[in-house]
Each structure stands twice: as structure tokens, then as C-alpha cells.
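Both of the next two complexes hold chain A, though its partner changes from chain B to chain C.
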Partner chain A sequence: MSSQNPTQAYAHPIARPRFDLYAILMRYRLWFFLGPPLLVTLVLLVVPLVILLQYSFFTHVPGKGMVFVFTLDNYVKFFTDTYYLTGTLITLGTGALISVATLIVCYPVAFYYARSHFRYKGLILVLLLAPFYVNIIVKIYGWMIILGRTGMVNQFLLAFNIMSRPYDFLESYIGIIIILVHVQSPIMVLSLIGPLQNISDSLIHTARVCGARDRTIFKDVILPLSMPGVLSGSMLVFAATVAAFIVPLVVGGKIGFQFLSVMVYQQMNTIQNWAFGAAIAVVLLALSIGVVTLYSIILKASKVGVIMSEKFIR
Partner chain B sequence: MSFVLISGLRKRFGDTVAAAIDRLEVREGEFLSLLGPSGCGKTTTLRCIAGILEPDEGSISIRGQDITRVPPYRRNLGMVFQNYALFPHFTIFDNVAYGLKNRGLKGEVVSKKVAEALELVELPGMEERYPHQLSGGQQQRVALARAIVYGPDVLLLDEPLSNLDAKLRKSMRFELKKLQRRLNLTTIFVTHDQQEALTLSDTIVVMNAGRVEQVGSPTEVYESPRTLFVADFIGSTNILKGVARSFDRSSNLCKVSIGGNADLWACSDAEVAQQSEVDLIVKPEKVRVLLRGQKASSGEGASVIPGQIVNAGYSGANYSYHIQLACGPLIEAVGNIVDSTGKPVEVAPGTEVDVEFDSDSLRVIGRGRQ
Partner chain C sequence: MKNSLGSAALGIYVLIFFVFLLAPVIIIVGISFSDSFAMDFPPKGYSLRWFNYILNRKEFVNAFYVSVIIAIAASVASLVLGILASMAIVRFKFRGKALLESLFMSPATLPTVIIGVALLQFFSVTGFMNSWNRLILGHVIICIPFTLRSISASLYGFDKSLEEASLVLGANHLKTFYKIVLPIVRPGIVVALIFAFITSFDNFTISMFLIDAATITLPIRILTFLQWQFDPSVAAISALLIFLTFVVIMIIEKAVGLGSMAFMRNQ
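Moving on to the complex of A and B:
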């Protein structure tokens, strides 16, 4: 308590420089921190999307390519042709199917991971995330060894006379489902682990002492409290599946070409109809955002919304 | 007949024995506390009773029925945890009704019982709220209501007051006790707070390193601790090292030398061998401090030893003194030094005093007993 003048503490023999970088950084820190990611997003995402949106309203002239004349024909063509509408249904339906299938496959895994006290849990997580480390093409070729015409599964089915001819999984919808579930599972597991781990043991103990059996505890306590993970996981998987392109292209066979993402690729690369390709891309994006938004609005309005509200974080 | 009986209970975690209780009985309607520092096995014991943990050995019975291997959902117990453990996604009604619904009750009966239970914990009309809309104290009452609503045989409380602030904790203590009396609920209460255990319990079980150190009424464990650990853990206690000089069988009094030529008469439960090393314990508030030259207040069985005030701390109702005894040890005394007219006086460090010990407040604890 010796200094009478508190400002004296700042007096220093070396004068502060007129150009103080730190002061400037602190003053504009919002822009300093947010600027780079914003710039990247703007240049690499927003600008291309705006261009894409613009393309979708241009006219395609066969032989000449894209002509900069405004038209709604691309959208009219998309929404009046049953081929494209069927494709839309297949794409969205597959998104929903993969979300549900991945959830069913991943929930037990995430549950046991989150609730176990196994010492080498970290190692298990590394293994669970393995699909992340491998390039998608490598993953597909890996599955070819298992599911291909001469693959393990077919040899097994033939050896036990379950089938008379090998089934070509890799030219079928089943192949798409199997591989997409595998590809998306890390996202789902990661989304589920957090909420499952946050369920306090004492809640489960309480339920048990209150007279609940394991099945009841799962239904009353664990499942409802893990809903935030279920919802975020399925939304992420849905969005990623709807946008998936390589898997349906490579393993889908005929049905693969019915996926909107593959159609975009076909229009732009094979048919060279950039305008129509752009229109499909815009529709796909809009549908994906629309479905996810609608899903979360409906869920937040329902009883599950209580769990997801912010106040729940204790 | 004992209502709850634990015998030969052993629970190990790896190599460490977390709880080893040879025999513990709880009477019907009794409020029993398991008291001890963290890691003493009190929570482990409670969890074994609740069925959350399975004991490695031994048995637990309630109403004479062995429940050691009975799954928790069929034990009919009520439990309250330190962190309330309310189901965050349930309303207060659903929380309290949970045990009833698991017992197959429905409709009117449930809502009536829930309302009664909330009435009992003085939270009527809270049914539609969610736990996060309630304060900590309110949440703990809801947890209590949830545990008692279905009429459990035994109420298990795992440090239920520890998360509350000091003032609330005190008022909750009395409410808890009132509720327990009113329902005549056999209650097992786990705590590390000796004050809580002393005010609430009919019986206190002091635990240390997985074992029971002493079982007794609050006055017994406070005033006649049987081991050094109990003496040290409950209230602050002066421990004086000494050597037994003689033992008088008719009065159970032992003459102990604590260094120099200071001899003290102290009571002992068991016979003490001559020349054996012993510990003497005395509570600070049982130590009387007199100004030098003042006449000792009581003659019979009292020993007077000269000393010097080292420090005097004022704590409102009385003083806490640190006194250096002439024969060596430093002791703590709580009370007031009074002048000849009986008025409290302030004393400065360095003041010469006489310290008086009554033989009933000094207890001998043999070294061997630890």
C-alpha cells in the first residue's frame, strides 16, 4: 500500500512506441481472429456457390455449351422429369436409411466405450476412428476384397450352398449401404460418446435403487439423455451421406447413377451441361439444408427439446 | 433384533481392502452415521447395502432376510446422493413418481403419494417444474422425496448435505432429522462431517482405512473415544504422551507421568500395566485454565500443572488458548480465563497460568491399541 499514485506504476523509462502492434491487434482482435477463416470460407465456399447458383439460371445450348441467357428451364426440367424426382427420393431416402443404420450399428459400440472403465480405452478409440485415417478409395478397395465377386463373402455363400451364383455386392445398393455405414460410423460414434459419457453414474444407481431393471433404466434414463448425441450424429451422417459421391459412383452400379451427387458429376463431366448440373447441385444443397433444419425444428419442439435446451448442461 | 445386520463384509478394489466390517447392526428406526475421512470405506459400505456394489465376502440382511445377492431393484431401499442425481429430463413429479411407477403403481395413487411426499419435504406444488429450475437445496429435497415416497425399508444417504452452502446445510440437518423421526425411518447416513454426524445420529460408526474404529452414541464417541484415531478425528483433541505409574483397580484411575515431575490422574477402560507407554487425551473445552495463584475450583481427582500462554485467540463466545506446559507439551484449551470475581479477562501471551485437568476428562489410551 505504499504507492500513492496508482498511475505511477505504468511510468517506465522507455517510452511506449508510437506504433504499438499489440494494441492494434487487441483493438481489432475480433477481425484478427475471425478474419482468416472468414476469408477462406468466402473465397473457397461462398463465391463458388454463388457462381454455381448463377450457372443454374443460364441456358445450355448443345454443341456450344453454356450461354449466359437467363432461364428457369434447368429447374423446370428437374422438377418435371420423374427420373430426377426418383433420384431425389433415392438420395434423401438413402440419407435417412444410412443415418438409422449407422445409429443402430454405432450405439452399442459408443455405449460400451462410454460406460466402460477399461484401462486402454484410448486404444479402442483409435481403432474406432480407423475409417477416418484411410482414404475413401482405399476403403472401397478394401471392401472389394470382402464383397467382390470372388471375395470372402461370396466364397462363403457359395461354399455353404446358400447361393448358386456369386452376388455382385459392388454393383448393388447393398454395397452402397454397407460401405457408407462403415464410412460414416466414426462421426456417429464420436457424436454419441460425449452425451453417453456425461450421464452420471449416480443417475443410474438412483434408478436402480428406485426399483428399475436394466432395460427400464436404458429406456428411461440412458436413451433420453443420449438423444442430443443421437440427433447431432444422425444429422451429420445424413448431410454427409446425401453429399456422398464417390461411393455411389464406384460401387453403386446402375442405381448409383440415380444419386443426385453422381448426376451433378455426370452432367458436368460427361454431358458437359454445366447449367443443368449446377441446378441439380443447388437443389441438392437446398434439400439437404432444408431436411436438417426441419428435423431439428421438429425435434426441438418435441419433448426431446427439453433435454437439448442449454439449461440442461449442469 | 437388529433391523439391518452386516456381518463379515469385505470389499476389495484390486489389492486394497476398501471395507472390512465384521459386524454392524442397525435397529429399526435408528439414525446411524458412518463417519470417517475420505477413503475410509463408508461409501463403499453404503453401496454394498444399496446393491450398487457386490461385496466379495460376508452378508447383509434386512428384517432378517439375506439380501446380499438380491438385485438392488428388489431391495426396497431409498437412496439420496451428494449430487442430488435428479433425472434432468423428468419433471419433479416424474422424478418423485419414478420409484412408484417401477412398483407398478398408476394414476391417482401415484399423484396422491407424490403430492404427500412433496408436502413432507415442504415443496408442495412443484410437480410441473424441471430440476434445473430449482435451487440446490430444493433439488436435494426432491431427491429426498423420491427416496421416501414408496416407503423404503432403509433410507441410505450418501453425504446428502455436502453440496449445500453452510447455512442451508444447518437448516437441512434439522429438517432431515425431523422427517426421519416422523416417518420412523431406519437411516444410514454417510458423512465426513463430524458436526453433522454428532447432531443427527442416534449411533455413530467411526471408520478408518476400511475398518470400524468405534461404534457408539454421539456422546460416547465424542467424550470417550476408544482409539487415538477417533479422538483425533472427532473434535480437536489434545494428545499427551506419558508413562503409566500406577493403576487403581477400585476407581479405574491411572497415574500417568507426562514428563518432568508432572503426574496426572486419568480414567481408563482397561487395566494399564505399570511403566507402559500410554497416550492421554483431553478435549480442549475440558481443560481449565486459572491465573497463577488462583485457587483450583475442584480438589478431588484434579491435577494442576503450571504453564504459560503462548497464544490467545478470540472466537466470540470464548477464547482458544495455546498453552506451553512447564513439563513439555503444548496443549489447546477452549474457554475463558476469569478473575476472582468470575469476570472473563484478557490475557497476553507470556502470562503464567495453572492448568487444571479433571480425572474424568482425561482418558488413557494404550499404545498397543492405536
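Moving on to the complex of A and C:
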């Protein structure tokens, strides 16, 4: 019996339970784990995106809707009409503007958090993340109260005679800028804090001992070493701004409707030209993938610099 | 900084920054306690009448229930999918793993409008189901990146020898998963659930494309009220959402610390 079988004599009796559901699944274990999420992602993300791409090449017949005839008209229309080209420029330009503005606004804050020995650092993090997690509609509503025709900013400007009539920030580009900077600031601060915190004190001390002034230390030591945070923060903000939908939909009046994301929504819901809406969506998708790819190439190149400087410290 | 003047200026700047960051939130909370129709801040008198008002408005209460039901369904489903996906990615070696991971993470980086449009067209092609199911499925797909990220973070930090010890000592794989793996990964699961819930509950863009008259979610209800009714009632519901957000942040801070929260958001 089993005692005569030399291989079984050494087998641990309790290492082989009688029923092991997991063991049955072992043979297909990878697919057991991977299958469901992959299936869901394929059906709910990949297939819809393929359909979107396909629709962008279909013909729109006014009054009849979409006809399944191949055409490049949607893209030709997009790239020859100045309205849509202006929209593309506004979308990308706002992305660039917001990422630079947010960087300038947030760098001192991240610097303060990372380099000072403030006692309530945890509080700063809470105050940073609390508005970050408040629903974006709520934030927009708050700004509507502040920036509206009868809002605080206008009351202030009128009281000090800076303006003679209330200015409608909410119908202007300024409103979009203010709200987007507000929405994106926490992301920027969070991406800057990491690299700024990693700068070794001894490095700054060394520079000071060698006679560098504060300005030189900042320009030649701190700023270069914080570049990864600057790049990743501005990438996140740029990508989020290019994809921004709710802010330009609600704020900014006419100029808000020239954001590609809002154009997509209009084509789908108001104008009901699904083929052209799909084409705009594909352009927007290509732009945002392009932005992320470009930044990650730059980021990879800049990481080399960080590793080198870390070697220098040691 | 040695330069005390510069350091004081920096401190003042940081203070101004936080006034800017918190101004909308503080003003909404202030106005929500107003006792009049005026949108003055600070309000002339204080009362709870606007909270009472919104709690008796069917539109708001219904929209809140719709949002909660969809968020619960979407977060539970995306949690299960996230656990499975992160087990596959952390525990197995296979070809195309990096590609699959970025596929699972892509809903967090793709413009949400595009996912919304694509889903709208997909559901119209397939003639698919009522708006409840469409909304839940649409929210599941944008929640998966957040559950995947927080669960794989806790799986990476997991000491595999504990699992091996349990197997050697006679527990089967299922029992080991239940008794050893799950308790250790639990904080990750809690965070994943919270993030998935917030992501779904707050979502505006996907819902905008998939709702119908019966399934108007709370963010969209708030938006329609913003456009038609500019009185403190919206401030009251917004203030409730703000309180909820603060409670959630406190829970996460207590459970796992705020460091893990960075970037767990797409808008």
C-alpha cells in the first residue's frame, strides 16, 4: 500500500487537503483572475471606443441621421472649418495656460510644505485634499456665488470704483481660468511636494557653505531637482484641462462652447450629428493621448538627471 | 530659510492660497445656514430652513437615492473586478502584462467625455437595457482604475511567506485567502470601496450621457437647479455634500493616512 510507495512516504499528509476549490482553479487560475475584469473592460471600453472610431467615418444625412456609408467628410469638416480649428487651439491653449498658471500659483505652497518645519503639516494636507474631494459642481457653484454679477468680487470692484458696471466673470474666459486653476491646484501641489521633500538638506547646506545665496540655491539646486514634479504635475494638469468638460459647459458662455469636449456633447445631444460628434471625440482622444505620451518621454529623459544628482550626493 | 522676511512673505502667500482654495467651500457652508432668500455672505441671520427645505424636496431626495444606489452597485462590482485584476497583475507573470495594466488604468486618464460618448453610442447600437443598468455599467468602468490601484498597492506590500506558512501548516488555498490574504489587504479594500463610491457618486460626465428622466443623479440635479433657481437651497445640499466629503477624508486619514489619497481622482 502507501507505505511501499517511496514518494508517498515523504509527502506531508496535511499538505494535501481532500477538497481544494482553489486547487481546481489552479489549472486556469490566471484566467480565473484575469477573465472577468478583462471581459468587462473589453466590452465596456474597447468595443465602445472601436464603435466611436467607426462612427466617425460614417455619413450624416441632415434630417435622417447617420447612414452607414464610409466617408472622410467629418474629419475634412473639422480640419477645414476655422470654428473647430479655433476650438482646438482654445482647448490646447487653455491646457498650456492652466498648467503654467497652476504651477506658478502652487510652487511656493509645495515649497513651503516640503521645506519648512511647520508644526501642522497634516492640517495643510487635509485643507488641500478637502476641496479636492468636494464635488466639482459644488465648487463651480461656490465660484458662481463669488464671481457672479452680484457676487463679492463685483461688489468689491464697484465699491472701490475700479469698475463702473458689474463684470460678468461667469460668461467670460476669466471665469474658466479662475475655476480651472482652483480645481487643478491640489493635484499640482501634491505632485510638487514629493520631489521637493526628497532634496537633501545637506545639499542645500553645502551650497550655502560654498557661498551661494538663497536665489542661487533656488535656481541651481532646488529648481532643477524639483523638475520631475514640475513635469508630472503640469502633465496631469494639462491632460485634465484638455479633457475638462463641466467647467466650460457651465461657465464661460460662448467661449466655453468652443472647448472640444463641450463640442462633442453638443453634437451628440443638441445637434444630433453623431458621426461628426464621434470625429471630434476621436480628435480630442488623439490630442490627450499625444500630450500624455509627449510628457512621459520628457519625464523619462529628465529622470536621468535625478539619478545622476542622487549619485553626486552620495 | 534664514531670510526671515522672505519666509514670512512665503507664509502669508500660503495663507492667501488656502483662502483661495477654501473660499467657495466656506461661502457655500455659510450661505446654507442663511435665514433669507438672499445670497449674502456672511448671512444676516442664521437658520436651518434651507436644510429643512431640501430634505422635503422630492427631486433632491430622489436624486440622492439614485446616486447612492448606483454608487453602491458600481463600487461593489468594481471592487470585485479590481481584486481579481490586481491578483492577476501582482501575482502572475504573463506576456502583455504592462499593456493589460494600462488598459485597466486607462479610464482614469482618458477624457471622461469620450468614455461617455462611446458608451452612449455602444448602448444605442446594442439596444441595451434601462438607464439604471447603463449608469451602473458606465460607472463600473471608471471605478476599476481606483480599486485596482489601491488593492494592488496593498498586495505589493504583502509578505508572501505568511501565505506559504499558512499553506505549509495545512490550510488550503481558499482558507489561506480568506484567513490570511484578505485581512492583510483589508485596508486596501476599504480605501478601494471608498474611492469607488466617491468616484461614482460624484460623477457628472458619464451620467450626463446615460441618464433618463427616472435616473437623474444628484450632481446633475444640482446643476439643473443652479441654472433655474439661484437661492440658498442649492447651498444647503452642497453643504451636506461638503460635510460628507470631510467625514470621508477623516475616515481615510484614520484608516490608512492621507498619503495614499494622492491622485486618486479624476474630474
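Just so it is clear, the second predicted complex is superposed on the first by the 250 of 314 C-alpha atoms of A that agree within 3 Å, B and C clash if a C-alpha of one lies under 4 Å from a C-alpha of the other, contacts with A are read in each partner's own complex, and residues count from 1 in each chain.
Here, a residue touches a chain if its C-beta (ideal position, glycine included) is under 8 Å from a C-beta of that chain, and two chains touch if they have at least 3 such contacts.
Since we're looking at a predicted model, the values are computed, not measured.
Of the two partner chains placed around the shared chain by superposition, chain C is the only one that A:Ile246 touches, whereas chain B remains out of contact.
Looking at the shared chain after the overlay, A:Met268 reaches chain C, while chain B stays out of its contact range. Judged by the number of chain A residues each one touches, C leads among chain B and chain C. Residue contacts after overlaying the shared chain place A:Gln258 against neither chain B nor chain C. Looking at the shared chain after the overlay, A:Thr94 reaches neither chain B nor chain C. In the overlay built on the shared chain, the residue A:Ser234 is in contact with neither chain B nor chain C. In the superposed model, A:Leu284 lies in contact with chain C only, and not with chain B. Contact with chain B, but none with chain C, is seen for A:Leu225 once the two complexes are overlaid on the shared chain. In the overlay built on the shared chain, the residue A:Ala207 is in contact with chain B alone; chain C does not reach it.
The residues of chain A shared by its contacts with chain B and with chain C come to none at all.
Residues of chain A that touch chain C in their complex: 12, 14-15, 17, 19-23, 26, 29-30, 32-38, 40-41, 44-49, 51-52, 55, 105-106, 108-109, 111-112, 115-116, 122, 124-146, 150, 152, 182-183, 185-187, 190-191, 214, 236, 239-240, 242-246, 250, 261, 264-265, 268-269, 274, 277-278, 281, 284-285, 288, 292. Chain contact summary for the complex, chain C toward chain A: residues 1-3, 6-7, 10-11, 13-14, 17-18, 20-25, 27-28, 31, 39, 41, 80-82, 84-85, 87-88, 91-92, 94, 100, 103-104, 106-107, 109-115, 117-122, 125, 137-138, 140-141, 144, 148, 167-170, 172-174, 177, 198, 202, 204-205, 208-209, 219, 222-223, 226, 230, 234-235, 238, 241-242, 245-246, 248-249, 253, 258, 261-263, 265-267. Chain B makes touch with chain A in their complex at residues 47, 50-52, 71-79, 81-83, 85, 87-89, 98-99, 102-103, 130, 132, 146-147, 150, 156.
Taken in their complex, chain A has these residues touching chain B: 200, 202-203, 205-213, 216, 220-221, 224-225, 306-307, 311-312, 314.
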